[in-house]
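Each structure below appears as structure tokens.
Heads up, the next two complexes both have chain A, just with different partners, chain B and then chain C.
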Partner chain A sequence: MITKIPEATAPAPAPAHRAPEPPRPAGRRRAWDEAPRWQIYLPLSVYLVFTLVPFYWILLFALRPPGSTSLVPWPMTFEHFEKVWTERAFGTYFQNSVLVGVATLVTTTLVALAGGYALARFDFRLKRGFMLALLCSQFVPGALLLVPLFQIFAELRMINSLGSVVIAETVFQLPLSMILISGFIRNVPYSLEEAAWVDGCNRFSAFRVVVLPLLRPGLVAVGSFAFVHSWNHFLFALMFLSDQDRQTIPVGLNTLMSSDSVDLGALAAGGIIAAVPVVIVFAFIQKWLITGFSAGAVKG
Partner chain B sequence: MAQAAAVAKQPAPPRRRRGSATPRRLPYLLIAPAGLLMLGFIAYPVISVFYYSLRHHNPTKPWRNGFAGLDNFVRAFTEDPRFWGTLTFSAKWVLVEVGLQLLFGLALALIVNQTFVGRALGRALVFSPWAVSGVLTSAIWVLLYNSQTGITRYLADLGVGEYGTSWLSDTATVFPAAVVADLWRGVPFFAILILADLQSVSKDLYEAAEVDGASRLRQFFHITLPHLKDAIILSTLLRAVWEFNNVDLLYTLTGGGPAGETTTLPLYIAHTSVDAHDFGYASALTTVAFVILLFCSVVYLRLSKFGGGDK
Partner chain C sequence: MKSSIRRSSRGGRRPAAVVLGAVLALTATACGDDGSGAAGDKGGEGSGKGEITFWDNNTAVRRDIWMEVIEDFEKKYPDIEVKYVGIPAADAQSKYDTAIQGGGLPDVGGVGTAMLAGMAAQNALEPLDDRLGKSSLNGRLNENLVDSSRAAGGGDELYQIPTSANNGTLWYRTDLFEKAGLDAPTTWSKFYEAAEKLTDKGKNAFGFTIRGGEGSIAPALDAVYGQTGITSFWDGDKTTVNDPKNVAALEKYVALYKKNTPSADVNNDFTKMVAQWDSGTIGMLSHNLGSYQDHLKALGEGKFKGIPNPTLDDGTRVQVSNPVDGLSVFKSSKNKAAAWKFVEFAVSAAENSKFNESAGQVPANTDAAGDAWIQKAEPTKLAAEALNSDSTEIVQLPYYLPDWNTISKADNEADFQKVLLGKMSAKSFLDTMAEQLNEAQAEWKEQQG
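Entry: the complex of A and B
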């Protein structure tokens, strides 16, 4: 399915904007709302137990003292966090992960924005081929290209530099990000841009003044994907970064897990450090994410 | 193909515009950064994989390096039982994971699409494992499954099972244990995508159906499911490819063990190239994996008549 919003409709404001629902007749609710309450709450609570017990488990292990088998994290202690942050170098890993994540976010968004604009607004000869290449690249797993990628970065003398991870993450984020962004841009009526040209804007300033503000939900979705993805991803960092002080959080977690006697408290604390930024990002953007998706992302 | 034709027929934006200095070169300039990055870091590595698949290439055995013809492929299909073993496991893993994730994801999306008290919180909690990485998922489930202080200990306290049970090191339990761990993270993916698509179902349809006296079950099968069809086909395909290729979780949770029991084909390829340095053979296996993925995807899209529905 292709997003069906025609390009030259009257300027509807934001891409993610929904028409206000007409007031429902009093006393009558939508049919789909009429599920008995227990059919909602019962399965939902069962599923929530499955979702939340693992989270509770990791909090429990991170906060209770070593050797404790209590099911309540009391007395509470932060010694695991101190240990993992300093002794196991999670402070350094955290810094590296932030650097990689932010750099990936910026490069992915900028490159995808440029490419997405071209795909949405121009008809050019290589367009079909380029779109096809984007789709095909979805089938190319980074995991299977580790060795040739390693050789390339060795050639570029970028092994052990965070730049190699940023490039690799960006490249594998790009296709999907570009498809998403071009979908968002298509949802912004072309006539808005044309009107800005009449008012004396050139193409770039028209884009900046008119289109960019309307793309905000989409850019937030794409940017946060890029950040979270590179924050979470671990194979590239594992392969391309060998010095311990260059490594990222997932590699640190893997090291904790693969040591002979796993320090469960440290592992739990490290896991929570790994989760915090992602949780914060998602708490901020969750609403925009859903609207961003329904604004044509899934169907673009 | 009807799909492609529909794309082509869309009104093309006018090509020449006032205010654009170089209208013909501009789109190429705009896609250049992305195009170059993808050429250098996707296309070139892929070509080099194809190239090496026809060669013996092993830095630890340089005397054998050279043109190999189809030797590597012959070896995979006729001499290497691990190839078939890992391929079968991959298929099993993908089918079970995608099937269960879709089932639970659809159910959850339908539930949190209802109006009820605490919906926002419910959604946030249900979706929360989605953002958790494969490695962190492993860490969490290692904590849950560990034989000393894991969940089995507390179950044993209640009289269920025995103390010291380790689900991840027993060949009988490792598969379901790994499946559950990956489900925990994978279900929200489907729930989010399906929920997004549910929100675009026209409410009028349900109201009309209700006027006609259709039951909620009939409404689901005749309105909701057809509407979701394309989204479901696309998301299952993307997820299947992703589950096939993704090695984070199994690599860190089981390491492919015990006794190679949970080694997928990509994991085997990674071991072959990174640990055994047999890069020629690993490239041939990669090529086979590509071809299988591409073939299965095309067949799947054909069989499911993607995009051919209510246009």
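Entry: the complex of A and C
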């Protein structure tokens, strides 16, 4: 017989609504409420200028005709998009980036789950040293390991294969992902898993049925980081991939800049194509991401 | 609750299927190659047929024209297939360096003189003297460019067949000059006069835009040697870079900053500098032939001109050498015969002319240098004339020094910004650079035995 797990003992799932904020001390509340609106909106407006102007600049260059110096994108043209998508093979780069991003997301999340679980639930010799090594590995720049990685992939006959980039990206993102996931797993009471064992689950099925659903915010955080990082990462794709039809968006963007001249319209259009998926991903997962970060911040 | 567990279990199969699918997809794409071909690999002549790999080190603007050249080549040599790999210009050096160490070098590739010394020192390039001696190209390449290529590779052997010469160009806005009643800035005196007269900070108009960010050292040296008329970079084993005349010239040049240039210039790399000139009201820009198309697109025909470096008042023009573009065959190539055929074909008169017309540079093949398009493209024509003129003295920058790239970039660009900002004196800047250069030269000479 399987015992129903009491809702009260499970850690709170991601809240669908924002929890009510704790009341501020009366003095502070008054000061906040009574502050003139301009004191709030002026700094925010200044901040917005700095954040939005570069975006407007990109849109302007992408949408106005070549040679135009107008400050508004009118008459509007899509020729830069057409150029990068068809002539400069951004369609192919995009497809490759999606494949690398999704595969990195999947592999990083899966391996980080397994590793994070081990870190959270098992005690083993030199565990603290291992954790420290994981943290220290974050300080090693990817460029330093390019040649040995290149040689390893060459031995495996994986140069010029998207798999090499996925493996390299996964390996570089695993340490931080494992540490993050282990923090989330620690937040799940061990007693829940024990209850599932009593109900007939083995360790794996207890993890899958009881722990995994509670890790959703953490998985979203780790997965989205893995996706975005591999989407934007340039170095491994540049070094391990040679064929034009295997290259990814960041490499494609760099191929628009020559040593002596830059087609700014094409570069801006390429930049928008590169940014759209990331913006969409973040728009959809924003809620989970914030929950994930705050949950991970409570206890590590 | 039991059923809920079962439901979860069924639900879990979907992600598992997705994962499996992704892994299978990746496995399918994991049919890569072994990246063989590192420095030290002796390669071989091969059959002169089959596939060769060509790396283009400046794909942004050259991709289309290289594709045309490759198409022509494959028509002439149907037994040879050329695999084109485009590399972003800014990353070509690191891509080559990784391949030299780890493997995966191409059979043939575009290599600029700035990269040549390092690659030759790592034994990655095939000496080409013998091949050139027996080739139809022999005697048909601009001798100055061949000499530059040879010097950049270390001096003894030729590791690069030049395809094109670039040249420092002073671009100026003819509309602004006419309005101000100024002569073209053909001499340094006229240059400084124009920089002063065209500046009207209230109207956001400036006489000149200076390169203060990445890549600032070579243009600064061009301006310095151009003004002093010192014609050699070395005086025995010591560099002339910190000669008192050069110090005075640099002081005069950097004094333009903020007085006659926008203050943002301190961070100018060529992209910002060219974009700023193309979209603003700035009289002059010192860059090279490569930005011609950008100016044409932004300003339109008739509003600007490009001339070589200004002369001294007596008409003598002194300029520093520009990197020469060219093609190299890699030692590790297993099909050097086919790779050389490609080089020979790409630098033949017809193809070299077509390539340089597109690139806006001076052809290395002398038979191509007289073609009609050069007579029509004024900046290129003037650059070609300047390069071949007896009254032009070229100060050869030491591209052959393996440390040149570091000295002319990482070691000194930040200091040049300090000079612009008045936080370091021109003398101190040039003395430091001279010390580094003298040391690098001594080390190089020692290595050469």
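Just so it is clear, the second predicted complex is superposed on the first by the 257 of 300 C-alpha atoms of A that agree within 3 Å, B and C clash if a C-alpha of one lies under 4 Å from a C-alpha of the other, contacts with A are read in each partner's own complex, and residues count from 1 in each chain.
Everything that follows uses one rule, which is that contacts are C-beta pairs under 8 Å (C-beta built on N, C-alpha and C of every residue); 3 or more make two chains touch, one makes a residue touch a chain.
Computed from a predicted structure; not experimentally measured.
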_Based on the shared chain A superposition, would you classify chain B and chain C as clashing or fitting together?_
clash
*Of the two partner chains, chain B (first) and chain C (second), which one does A:117 touch, if any: first, second, both, or neither?*
first
*Which of the two partners, first being chain B and second being chain C, lies in contact with A:71: first, second, both, or neither?*
first
*asked:* Per the contact definition in the header, classify A:260: touching chain B only (first), chain C only (second), both, or neither.
replied: second
*Kindly classify A:106 by the partners it touches after superposition: chain B alone (first), chain C alone (second), both, or neither?*
second
*Would you sort A:157 into first (chain B), second (chain C), both or neither based on which partner it touches?*
second
*asked:* Touch test for A:202: chain B only (first), chain C only (second), both, or neither?
replied: first
*Would you sort A:133 into first (chain B), second (chain C), both or neither based on which partner it touches?*
first
*Any idea whether chain B or chain C touches more of chain A?*
B
*Who does A:244 touch here: chain B (first), chain C (second), both, or neither?*
second
*asked:* If we overlay the two complexes on their shared chain A, which of chain B and chain C does A:146 touch? Say first, second, both or neither.
replied: both
*Using the superposition on A, tell me which residues of chain A are in contact with chain B and, in the other complex, with chain C.*
2, 69, 143, 146-148, 151, 201, 239, 254, 256-258, 262, 264
*asked:* Taking the touch rule as given, give the residues of chain B at its contact with chain A in the complex, in rising order.
replied: 3, 6-7, 10-13, 15, 17-21, 24, 26-28, 30-31, 33-35, 37-38, 40-46, 48-49, 104, 107-108, 111-116, 122-129, 131-136, 138-144, 146, 149, 151, 153-154, 184, 192-193, 195-197, 199-200, 203, 206-207, 209-210, 216, 219, 230-231, 234-235, 238, 241, 244-248, 252, 255, 266, 269-270, 273-274, 279, 282-283, 286, 289-290, 293-294, 297, 307
_Show me the residue ranges of chain A that touch chain B in the complex, using the header's touch definition._
1-2, 6-8, 21, 30-35, 37, 40-41, 43-44, 47-48, 50-55, 57-58, 61, 69, 71, 111-112, 114-115, 117-119, 121-124, 126-127, 130, 133, 137-141, 143-149, 151-152, 167-168, 170-172, 174-175, 178, 190, 194, 197, 201-203, 206, 228, 231-235, 239, 250, 253-254, 256-258, 262, 264, 267-268, 270-271, 274-275, 278-279, 281-283, 286, 289-290, 293-294, 297-299
_chain A partner contacts - residues on chain C that touch it in the complex_ = 1-2, 5, 8-9, 12, 18-19, 22-23, 25-27, 29-36, 53, 58-63, 83-91, 94-95, 98-99, 101-104, 112, 166, 270-271, 274-275, 279, 287-291, 293-294, 297-298, 300
*Of all residues in chain A, which touch chain C in the complex?*
2-5, 66-67, 69, 99, 102-103, 106-107, 110, 143, 146-148, 150-151, 153-155, 157-164, 166, 201, 205, 208-209, 213, 238-239, 242-244, 246, 251, 254-264
